[in-house]
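Handing you this structure, nothing more for now.
Think of it as A, B, C and D in the order they're written, each chain with its own count starting at 1.
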């Protein structure tokens, strides 16, 4: 069954910075979508900040199995009502892949309940991603490690809840280490944060990184058809007989 | 060393409903604070919704080691700026004990990243709390189970992230089971959600429940003096030499 | 792709106790295998204690995607070498479903690192299983709860590590609550413990229970083709140049 | 209240390898115990492999709040009955700090239910330990990172269950990253694995490492006076009336 993926891109750097436009002439989002669409099981389409409702209408989200999110310079411009909507869909079961500087997006901070702060350095240094669990779905088809020749550095402490799983650790030439691939579950939704992807480097053109993205999207597919529970609601009648009861002020 | 506890109470039912006022003449918060203050290691004071800044000024929070939170009918009246402030202090290390209908408070939903929905029934039925881990700090001095003669029922599914630990399970006479005591860690802050405590029953007068509250507050004490990391910030210089580097558009 | 399931049964009660033989004339294991085989994606075969190597030869395990385990009265008769073999396959990625009194099997205690103790009562009372996360793969197609008219009771404390996920909670007529469906990951292997299934009741004939078994087996399928890492081994050469080094006594 | 620590050392390298004996003339265990005993809240004594019952008699363990474990070359010589005994005490509430090559000790593998495999390289390279959560009890008083000039490298994949918390990450000069400080809870016992400490380097003389050890021992102190539950046992009588019941073959 085809998995419907919506690739969300902020689409700001691509328009303002010639270097970024040169690396990603169709936008970072389109590069990611193209990488996903090489897999016949996946059907990825794009949505961007500048579209009405940021391209994330009720209809689009209802027909999205997994959403990927890249943002950086315009987190504050994302409408809170859209963040509410995305959170609701994640709790219902939609998968969410948060990329690189999306660590500080409203939706990631919302779902983590955390500040998601970290330290960074932009020096184009080498990053090496180590596979922590070689049997995990997200690392299938990868070697024991992935080298990215030039990347921005992200360092600990990373202000996130203890992850369900740490899938990748990064080693940086400048001397730092980082939890670069971490998973969470929130309601029905599976969430994967993946660190690499600074806009001034061709990271999303790298074939191993594209493999991670395809794997992650498949890993995050909804497990069930049932939505997350009912809304908060009362249960009028007990299943078992209750012989005594107290008063109520509701 | 004395632990400084702030007991936050919504203080609305107590003023509107004669039955609640009769059970808790000084307010539910004062009943909880009194129970904590029987322990010489604890010094509990109260703060309520109707106070300026809901009684949770920067100064009060800076001098609070553990905050307890009971709210129900007025969650929406809690100022978002105060919620931000409490979240920040929890990430820094302040403990947080969320009680009963506080499951739907802004601060709990914020820290969980979840809707925290559940089902409920107010029929004054019997609740039995089972201790899941008898070696946990929160259950010290308790029997294998606690019976509460009359309580509101909360039922699964409870819309929370998978807890770090399940400390109590509830059995209800009407036929439900529930994860009634669960722990989380967010940054430096330890969080405990404890289910019992509907306003129309004398639950917080019960001695085993008071023991849980004292234990929980001690368990949640800050572990360290260090705040949670630095804010999101750049690292200008690498520790190790970086021999090659790329450009930057920052 | 067909999922290869091996259903392991102790097959002792069925031969000794007329009541059990009456309920499960082909053995409990065959009843479970038949329930799995109603799904065309699954191909289940049986293995029992009395077979050579308990039916779990290297070849059988190498060709097993998911193993289910029911044992009770003869845990001590399971050869330690077979337990080693099963553990190794789980770490490599084979799924494992542990049923009912299998909580005290050698393989479950081995993988948990725990005593897995609990309390029990055999009074044929009603058990009600509550779904904790309605979006989980294991509960698809189920109602909000499952009633089993007559079952043995298992009560807390259950001596297990904090689970990754609690999927079911049980309510018992006699007054207990229990974590009846819990998941773990060990290496590549996904593990699900599922409480119901006492030999003197027709639990595995119940259609909702059969649905849980089919769902669980599919949930536990291996995620990857890669085995769990390499064995413990040295790395002769560093990827990066190491300019200084100390001595060695190896 | 004084915390009673037993420092277990294999005490084999110290006697066979002149370099190790030169670095640790009183044994690695005594160096660790001395570091702990600089804190008036701690009272550390040593036990070694060559003592009767490896120095871990029932009496010694009953009077131990936290046990630290360093072993390497003689894991196989540790008596299984002693491993059983230590595991039982951990489940009851005794803390356990596993050091460096203790990752492959019987007791660690037992409690993890895992093979605990990893890759290693002994090249005396630089290790840098990054603090992942600056508010954690185990890192109090430490800087943002610790440099160890010469250490053995341990690399991922590390064959352990997903930790409750990752407290330290290591960066190695040769190009690897590793989860160097991880916590678990098993029953009442808190467990901390800490990577550094190869016998041919003076790691346990380093003051930041000694601070970690003191912090870890305090963090791992038993939370309660209650032992872990009762043993597996039947409950003869139900709390609530059971109106119908089935037969029994027990």
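Note that in this section a contact is a pair of C-beta atoms (placed from the backbone, for glycine too) under 8 Å apart; a residue touches a chain by one contact, two chains touch by 3 or more.
Treat the numbers as computed from the prediction; the structure is a model and nothing was measured.
When chain centres are set by their Cα atoms, the one at the greatest distance from chain B is C. Annotation: A-B is the more contact-rich of the chain pairs B-C and A-B, by number of C-beta pairs in contact. Chain B and chain D have centres, each the mean of its CA atoms, that are 32 Å apart. Work out the mean CA point of chain B and of chain C, and you get 35 Å between them. With centres taken as mean Cα positions, chain B sits 29 Å from chain A.
For chain A, the set of residues that touch two or more other chains comprises 128, 133-134, 155, 157, 162, 164-165, 173, 175-176, 185, 187, 228-229, 239-240.
Those residues of chain B lying in contact with chain D across their complex are 92-93, 128, 133-137, 139-140, 164-165, 173, 185, 187-189, 219, 222-229, 239-240.
By the touch criterion given at the top, residues 128, 130-134, 155-158, 162-166, 169-172, 175-179 of chain A touch chain D in their complex.
Remark: chain D residues 13, 17, 19-20, 87-88, 91, 104, 110-115, 117-125, 150, 153, 155, 157, 159, 161-162, 164, 173-176, 184-187, 199-201, 228-240, 242-250 touch chain C in the complex.
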